[in-house]
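Have a look at the structure below before the remarks.
As written, the chain order gives the labels A, B, C and D, with residue 1 at the start of each chain.
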Amino acid sequence: MQKIGVFVCWCGSNIAATVDVEAVSQALAQEPGVVFSTNYQYMCSQTGQDLIRDKIKEYGLTGVVVCSCSPRMHENTFRKTCEKAGLNPYMVEIANIREQCSWIHKDKAEATEKAIILGRAAIAKVQLNAPLQAGTSPVKKRALVIGGGIAGIQTALDIADAGFQVDIVEKKPTIGGKMTQIDKTFPTLDCAACILTPKMVDCAQNENIHIYAYSEVEAVKGFVGNFKVTIRKKARFVDTTKCTGCGLCTEKCPQKKVPNEFNLGLDNRRAIYIPFAQAVPKVATIDPDYCNMLKNGKCGVCAKVCGANAIDYKQQDELIEEEYGAIVAATGFNPIDLSKFNEFGYSQSPDVVSSLEFERLMNAAGPTGGTLLRPSDGKHPHTIVFVQCVGSRCDGGEKGKPYCSKICCMYTAKHAMLCREKYPDTDVYVFYIDVRTPGKNFDEFYRRAVEEYGVHYIKGMVGKVVPENGKLKVQASDLLDNRQLHIDADMVVLAAAIEPDKSARPLATMLTASMDTNDFFTEAHPKLRPVESPTAGIFLSGACQGPKDIPETVAQAGAAASKVIGLLSKDHLLCNPCTAQPDEMMCNGCSSCEKVCPYGAITYIDKEFRGPNRTTLLRRVAQVNPAVCQGCGACTVACMSGAMDLKGFSNRQIMAEVDAICK
Amino acid sequence: MQVNKEWTPTIVAFCCNWCSYAGADLSGTNRLQYPANVKIIRIPCSCRLNPMFILRAFQRGADGVILCGCHPGDCHYTTGNYYARRRMTLLFSMLEYLGIERERTRVEWVSAAEGAKFAATMNDFVKTVTALGENKRLEDLRCKE
Amino acid sequence: MLMDTIAAISGVNPRKCMRCGKCSGSCPAYDEMEYHPHQFVSMVESGRIEELMASKGIYTCLSCFACIERCPRSVEPARLIEAVRLAVIRQQGKNHLTPEQIPQLLDEDLPQQAITSAFRKYKR
Amino acid sequence: MQRVKEKAIELLRSGEVSRVLGWKTGEFFYDLTPAVFESVEEVEKGFVFSLFSGANLSKYLIAESKKEGKIAVFLKPCDSFSFVQLQKEHRIKRENIYAVGIQCDGMCDGESLRSAGCEGMTGVEDGESLTVHTLYGDQVIEKKEALLGKCQTCKSKRIVDFDELIGQQGEDVPSDRFAEVAKLEAMTPEERFAFWRTELSRCIRCNACRNVCPACSCEKCVFDNPVSGVQNKAVADSFEENMFHIIRAFHVTARCTDCGECSRVCPQNIPLHLLNRKFIKDINELYGDYQAGADFDSRPPLMDFRMDDPEPSVIYTRGGAAK
């Protein structure tokens, strides 16, 4: 039997004016198990807390009920008070007689009666409370960043800067991501490579950062503080420790007809290649799909020319196991496939390009050396039509994405402005639905494109693009002029919607991190926890969480890093003690609980039990990892045998409250 | 039992800790009245509500049981209320099928900001249950003095 | 009331329109029209349906369905135009054309598109 | 029918299995009960597969498949759904089981024959209609009249999982199994309440429904567990009759394959399957068609959700739940 103390708070007149606190403390003194009951003006004051502490010692109380304001207000205060007096903090229950009683009722008799009932329910619950210990789990002081774009780079740099080890896993042969393909950045028009490549070099040189380029995450096990990750390091067929990145092999390789993905297939590369001059790590990679030596054993030119003897045609994929305390998803985005938008003629004419392809055509390191030339005939375009919102803001999955891709308005303004600046003889049209420019200096930038550079912004949409006699016949609407336009364009640039990288969905499954219907990672709270996944220890950086421009990505990357640093700076994690706990004797091993657990906290093991007649029985039983369980209780209801129960909110405790209230 | 006292129903309200319990607190902070026969039990999430608790409440003399949780999509535990929604829908449908008045059970989504909605919900629920009268079809006579 | 009728016949919701103008950009009969496809949607949405019903312009739509194909918001103006036409017919209480009459009306010069449209329209 | 027994002997003789789960005669020939046979002799002596082999054997595999050696089991189409559902719930060790699927045209019920006026039965011959031999001569009964309740609304002739098949693989068949539920739904709440009071008040808590149900196979039932808060072994009043059956039905929701065993074994003839079918009907209507045990990888509806699931208030407005 518990020895329970009841402490009724007046809260000045907040409670005492409508609830007869004396009557409440007297009535509750009669309850079974109650050995002491009193009331006081302000229980949360120092004197009030001292009172509780003294009585715990004086009466040897094993449970405390405080009838006061909402537990959301002072539950922690009173738990700490009791802990100081040597009582387990989870032996405290609060009866909410202010917010849910005195403040909502006027009739004193009624409110007093209700306060007594609420007190009784709390007492009934305390009777069944058990001391709970918040467990701890150690933290592996190493972070994993998945994705080596600007988001991953910034996150890794910030974590490394705080003195923690961090690994970057990047599936491409080099880190850098989409930003390496971009020419200039809005709204300042500074060169993307100029601001990004120093960061890439920093990553390579930072001794706290290890880059697994050309690698992918294969499996993730464990939980916050203790993830075990398997990384597949794909075979490059080049010994990265020997390769000096001289690039001789990439000049001598006879296989010249490989579409160059860095330039989005606008030109070709060799079968052995370094994606671009500033690649990090700067080592060559052999493309096994095109290499003659790997395909039919006939060539070997690269091995002959390599002075460092780095070529290794027998290299195999390598599996690396590593432990991490925190994982950051920074898997980024891709433009959507435009081939289904037949009306714009993307598949019919090489002169209809996506905005990212346009970036490459404008870039000094691109296929045209920075001179804007039409892909079809290499001539200068004189009329360029930009179409915004291609595949964004669509209704229904078939046609495109329901969301606004956010970055297109600004980069289209940038493209239009750069065109007019470099080639003042071009006519530039931008067809828009809305121009969205919320951001520092964004609207000013867009206005400059219109006012200073004379870009024709037309409110309306292109209906169709038909290639005809070397021109692109553009038919569009001008909604403000209420007319239909027919433009003979030389180039059409489509601002394709962006979508999360395809690798994000399988990764989310491995991480048990939730995703929305568009495959963007979900944040733990849309306002207050925007860089954390609901799954503890998983953080989000960059466009994998939603469309973002570079400054926002960098800001989020820094925020994610600071959350990781906060986690890694702890030696141990204190776990919520109100977690689910299965009774193994009753567990059916049916996996129902596992299916509803949002955190992947439940696993199964085959365990030996004593059977009848001195036999042993192997049974499949559930195990809850208390470091991962957040205590929602979904599993307790999914469990039909009642084997799964929630500490602190057990079936018996809740039923005891029900009984006390319904009596 | 007092003789002259008008009968009022006993209502048990299960509120999730993160949204609805906070919403109930807010209706208190704003001094929004609702009848004293509503008693709130705090559970971590709407998905913690076991159908057995509801039946137990009816057994012990409750006249109405209401579950309040975060709005779908806003669950603190991301998915709890989606499971609760299916469970309660099916359970209530079953009670209805057994001929137990469906108005005695209800689910309402109340966010931490919806103090007014909480009070209005409780007022309406008490009114509905009062009109139904005492719970006769799902009671345990031994539990009534 | 009229708006409900149009919604029921067309099965589309004009409120989903985000005024992108792709319908008017796609329309091959744009210059023949009194009201252009995007205006049509906005007029239905704002309840100016009588004006549309009174306009001869509603018959200039070829029912080529380019706007249906391309509308990113599933508003599909041609369905609304069709619905308004039907509303006119229902109001007058009789059909201008029965499917049986169509074969007699076919002649060599009739554009293929019109024939296809007629079949699409009356197949149900 | 003889092929089934032959198969049992063949499997034991070849050493493919060490035990066979089948049926044996009880007090009367129409009163078959599940049994485990450990030798050819035992099979030859006691194994029966007849028109009365209605019992679903899958549940016994929970214990039997964990024992040493392989066991053969005979599964009718409806039994195979339970068999798969139990595998989905990791309750049986598939590698210890040799499953023989047997096609079925419906099983008969001795009780039905008796109430059709057959006294002193000595045997039954299958055919277009049944020829019942009795001490007083032969009687001819339409097979339809003698079918078990669950067979009258057969939902599938498909054997979901098996190692070997006797007879043809079948397909899902159209069934009006929800008609009775719909009839109840169309009643007023008062009528429904009266109906269920009449039925459930007969419950004697013999736990036959629980013991036979393949879904009711908990290591320890909540009703037997003193810490569950709902422990109760005998019904004392109307509440507890309701409580037990509501909770039991809820616990098997979306796991019940509608094998109909609960109603078959109820000594008080309470139509318990109508509770389970109500849940199945609701799930089909609200969350899309779902058949427990029909496959290995679908997610049970109660362990799943859609963002746009109907709100619980749907039951106030839905057709069928007429006031």
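FYI, a residue touches a chain if its C-beta (ideal position, glycine included) is under 8 Å from a C-beta of that chain, and two chains touch if they have at least 3 such contacts.
Because the structure is a prediction, the values reported are computed rather than measured.
Chemist: Which chain is most central here if centres come from C-alpha coordinates alone?
Modeler: When every chain is reduced to its C-alpha mean, the one closest to the whole-protein mean is A.
Chemist: A-B versus A-D: which has more C-beta pairs touching?
Modeler: A-B
Chemist: In whole angstrom, what separates the CA-based centres of chain A and chain D?
Modeler: 47
Chemist: Rounded to the nearest whole Å, what is the centre-to-centre distance of chain A and chain B, using the mean of the C-alpha atoms as each centre?
Modeler: 35
Chemist: Chain A to chain C: how many Å between their CA centres?
Modeler: Whole-Å distance between the two chain centres: 46.
Chemist: From the mean C-alpha coordinate of chain C to that of chain D, what's the distance rounded to whole Å?
Modeler: 57
Chemist: Tell me, which residues of chain A touch at least two other chains?
Modeler: Residues 596, 638, 651, 655.
Chemist: For chain D, give me the residues that contact two or more of the other chains.
Modeler: Residues 222, 228-229, 302-304, 307 of chain D touch two or more partner chains.
Chemist: Can you list every touching chain pair?
Modeler: A-B, A-C, A-D, B-D
Chemist: Along chain A, where are the residues that touch chain D in the complex?
Modeler: Residues in contact with chain D: 517, 585-592, 595-596, 604, 617-620, 638, 640-643, 651-652, 655.
Chemist: Could you list, by residue number, the parts of chain D that touch chain B in their complex?
Modeler: The contact residues of chain D facing chain B are 184-185, 189-197, 222, 228-230, 236-237, 239-240, 242-243, 246-247, 249-250, 253, 275, 278-279, 282-283, 286-287, 301-307, 309-316, 321.
Chemist: Which residues, counting only chain A, touch chain C once they are in their complex?
Modeler: It comes out as residues 343, 389, 393-396, 399-400, 431, 433, 459-464, 475-479, 482, 484.
Chemist: Under the definition above, what is the set of chain C residues touching chain A in their complex?
Modeler: Listed in rising order, the residues are 16, 18-27, 30-31, 36, 38-39, 66, 69-70, 72-74.
Chemist: In the complex, go through chain B and note every residue touching chain D.
Modeler: Touching chain D: residues 51-52, 55-56, 58-59, 72-73, 79, 82-83, 85-102, 106-107, 137-142 of chain B.
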